[in-house]
């Protein structure tokens, strides 16, 4: 697999940016329920990482994972309709933003519990190894999630069984409002991961090419039976943790501004030049139309609420 | 009396107890520097310092284990679990350790530990952020469960929980956090195990707690104008239970509806219904009704969620059903 | 028919399903090389290889998460939890994830995952190794709960559990593992959700499951010689529940006792009692009785443990009480 | 604090050995209920470790932890009576073997759930830091327990808050019947522990002097505000995991025999010379008398079973 072009990366990232802009508006106007966790400033990680995956590879992500879901190839219409609680959503409106599933694209779920999706991908990777089908699994989680016991258990087992898993840790310097140095005895995450017996590598998460490159290497290693890899992608959330957090009470405006200047979309646009604007405009339009379609989609039949606990 | 919100009332209780007893301290996620996801711990770090208001990693099992150890070492820890749904990552610490330690030690060890948490639905928070899991903590013995419905009770019960020598799970409902009400200034205590008869009545007893108290209030008011006299009881704590108030009420009305937001199977409704029929069988003129969440995970979409959780119209219907009236 | 033990019957079901369907595999602690703490997986690694019978680290949350992922990827994992008490370290995976995934995905994802576990008391295993926690799994929707009482049912229900397209918690009782009984060879299926009327009777219905079925058998036998006709029903699975059998029996006897080993509050007894009085109020001639563990942690000493758990003498007393007889 | 003498260590270890011999007999004759986890071959770790602690220091241990409980100074009579389910036991017969508590000796509990006692000691150490009272906490657990998420969470937090905790990992090469290489992606436990940001050191767990020395150093570090230490004590359980396990189906007889020859009691006896036998005999007698006393103690009043859920 060749690396996608800069244009292709920008398209992916701009789609995520546009989606989040639309969702913010919908949330502010009360048309979107519940909390909304945005990934602005972090767009390069999903774009770069998912480009290295096949549709049949496995993925789990978090409440902040819609960018991965889209980059993995799931339908924008299905995702949007689910986020808006529509009958046409990926989960018929039952799951919502935090619970996106699409098995046809290897998406085993986004998750509302910090760290909880990590074990699933390890299990799916186990089946890939059993069936020798060459698939890999990627799970994305945050710098905060690494302090959750479940993640530790799952990482050890992936190393133990030498499973084809990529542990992609988005280090955006904060877990909610808590910086790493107030939550980690040792902020060097690579040491922790490699202590389980796997390769661990850090990458500039605001450069989709670099993310692609390290993930691709990890994917190749996994496919060839070489076991798991831990990747720490350094990035920054330039907005609040969720819609009700301005994100400014625990970070300086200078820090935020510096990262905004360094935002992956800015960086890539500069590299692409004048064409970038067109790509971004197209993404905006594409997403806007999808939002209109989703808003116009039918609400789920209330009777379905009481059905479907068991298959 | 001045009005403050439920969250502010909790904040006052915490501040009061922290001032009063130097062995009280708090531990939890984003409670110190940020002041808590729901502002319940706002300003406490500034007043009491980082040593007593402690931010933790996302390690619920770890910090609840620490709270247990601190309690055994003589402190009165108050641990905040941001959502009750997250209790499930720490269930071994809570149910196998915190709840059992006093008994397992033959009484030698005391565990004066309060877990403050937030739960409930109606906000589109979906299946993993909308639960009310109180039944799990009632089933395994050893932890008290407190479920206030008003700002004043929140303050009084939280102070009482912290002063209790036992583990207490204190549940704030996300729909109540911004509710305003009159709250006494200074010391205010509501004993655990005392229900509150919100409105006396003669036709039917409605037993409820936490947010559904507010829904029931509206329904009861409305029904009274149709000549239906409901005795509305806010249980306030589920363990200990105020059995005297329950049995007095049932003995008067002979009809009972239990309303709660959590699931039905092995929930609080069946628990109370079974105990009432066991103790007061001959007093009952009709089957005891239960109005609860349907036994499905909480769905996201508004139209689905309101199909699953108790609503005023479903509560009204359930009351009339217990009364044998046409619905 | 040959007699084998309960543990051997489970082993046969596992072997049968592993042979029948290559997507079935097992994961758990000391199940492969050692053959399982209770010999339930004895010989399976030798027959099916290390790839399908997998030993894990002491990481219940981790390997249950893996089992969920494997189920989503098309396998039918069978995970062994050595003691049901240890489920508490993995509760988030079980209740927030495994149980909710099918519903949360709008039906798109299936989770054909069986958790085989072992629980119960009477052996001096004390507070953290003697629990029967089935109620916790019944309260949060999304997981079936199966509780066999005989070797034959163990085999038939375990095969059915593994073939079910949903998460199933299959509970072996430590007092039953060595119990011998007739078990059909080859394929043997008992559908989930079908109770078994062990003995028909007319005076009182006793509903029970798992090990207490054996205790009830003895009591019922003894009482029959005193002219008391008990209808003894082994529920066999608690979700799904065989409501038809329950309601037919109650309609016949008009008196009910529920016997189980787990705690009372928010347990299975109150659950069934409440549902029965709700549906069949006019059929009841007496309050529904519940004979369960007392609501205290399970103590260690023999004389204490037998004070807490149901015994034959307490069951007898409870039956007579429900019948309004002098005890 | 000076290191105890060889004689004193032997006395401690012989007491544990005698206790286990008596308990085995009682278990075989049916007078002891439930499962019995023996620590034969591992006697030097509790003896060495607890000698470095003060009575006011905190301790949690496991189902295999009665040796620590005794070495910490708890009453042999109280422990034995509890193990036998007597009214005079530490927990009045309610706790049993796996649940020994003695707050007057800093014992915050032995535990039946693998890894579950680790957080408690970290919390007690937090209070020691708050109160600046110079106490430390020691928690002992096995090589298998380190794969439990709770342990990981607790270790990170001890390092984060720089708490006076000693994480004492008894590496006896097996967790139940599973050897390290089948349960750890990387069998180097020191790497895992030091990745949290704490000192990690390995010691010959069959030499009480060496154990004492490293624990003493860790205790001094903790008391002086230097934070936690992880200690891996290499040892071996020369008997089965519990009374129903012969311990031979997953280990070679040669392996077991080699460790038996190398057993800490043998090694120390050889060093002490002829006096050793006398010390051992005395311990045997002491324990035997205590067993007789315990067996003669009253059973708990059955009514107490239903009391004491709440204080």
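Letters are used for the chains, namely A, B, C and D, taken in the order the chains are written, and counting of residues starts over at 1 for each.
As a convention for this text, a contact is a pair of C-beta atoms (placed from the backbone, for glycine too) under 8 Å apart; a residue touches a chain by one contact, two chains touch by 3 or more.
Only a predicted model underlies this, so the values are computations on that prediction, with no experimental measurement involved.
Q: Stepping chain to touching chain, what's the minimum from chain A to chain C?
A: Shortest path length, in steps: 1.
Q: Measuring centre to centre with C-alpha atoms, which chain is farthest from chain C?
A: Farthest from chain C by mean C-alpha position: A.
Q: Any idea how many Å lie between the Cα centroids of chain B and chain D?
A: Measuring from centre to centre gives 40 Å for this pair.
Q: How many angstrom lie between the CA centroids of chain B and chain C, rounded to a whole number?
A: So the centroids are 30 Å from each other.
Q: So how far apart, in whole Å, are chain A and chain D when each is placed at the average of its C-alpha atoms?
A: 44
Q: Could you please state the distance in Å, as a whole number, between where the Cα atoms of chain C are centred and where those of chain D are centred?
A: Chain centres of chain C and chain D, defined by C-alpha means, are spaced 35 Å apart.
Q: At least two other chains touched by the same residue of chain B: list those residues.
A: 56-57, 59, 61-62, 85-86, 88-89, 92, 96, 103-104, 126-128, 141-142, 295-297, 299
Q: Show the residues in chain D shared as contacts by 2 or more other chains, in ascending order.
A: 91, 93-95, 99, 111-113, 116, 147-150, 153, 156-157, 160, 182-184, 308-309
Q: Flag every residue of chain D that touches chain A in the complex, lowest number first.
A: Against chain A, chain D makes touches at 147-153, 155-160, 182-186, 188, 191-192, 194-198.
Q: What does chain D use to touch chain C in their complex?
A: Residue list for chain D touching chain C: 33-35, 82, 85-86, 91, 93-99, 111-116, 144-145, 147-150, 175-178, 182-184, 249-250, 299-300, 302-309.
Q: Could you list, by residue number, the parts of chain D that touch chain B in their complex?
A: 58, 60, 89-95, 99, 101-103, 108-109, 111-113, 116, 118-128, 130, 137, 149-150, 153-154, 156-157, 160-161, 308-311
Q: Under the stated contact criterion, what part of chain C meets chain D in this complex?
A: Touching chain D from chain C are residues 29-30, 33-34, 37, 55-59, 61-62, 85-86, 88-89, 123-129, 294-297, 299-308.
Q: Quick check: in the complex, which residue numbers of chain B touch chain D?
A: Interface residues on the chain B side: 25, 51-52, 54, 56-57, 59, 61-75, 77, 92-93, 96-97, 101-112, 141-142, 144, 165-166.
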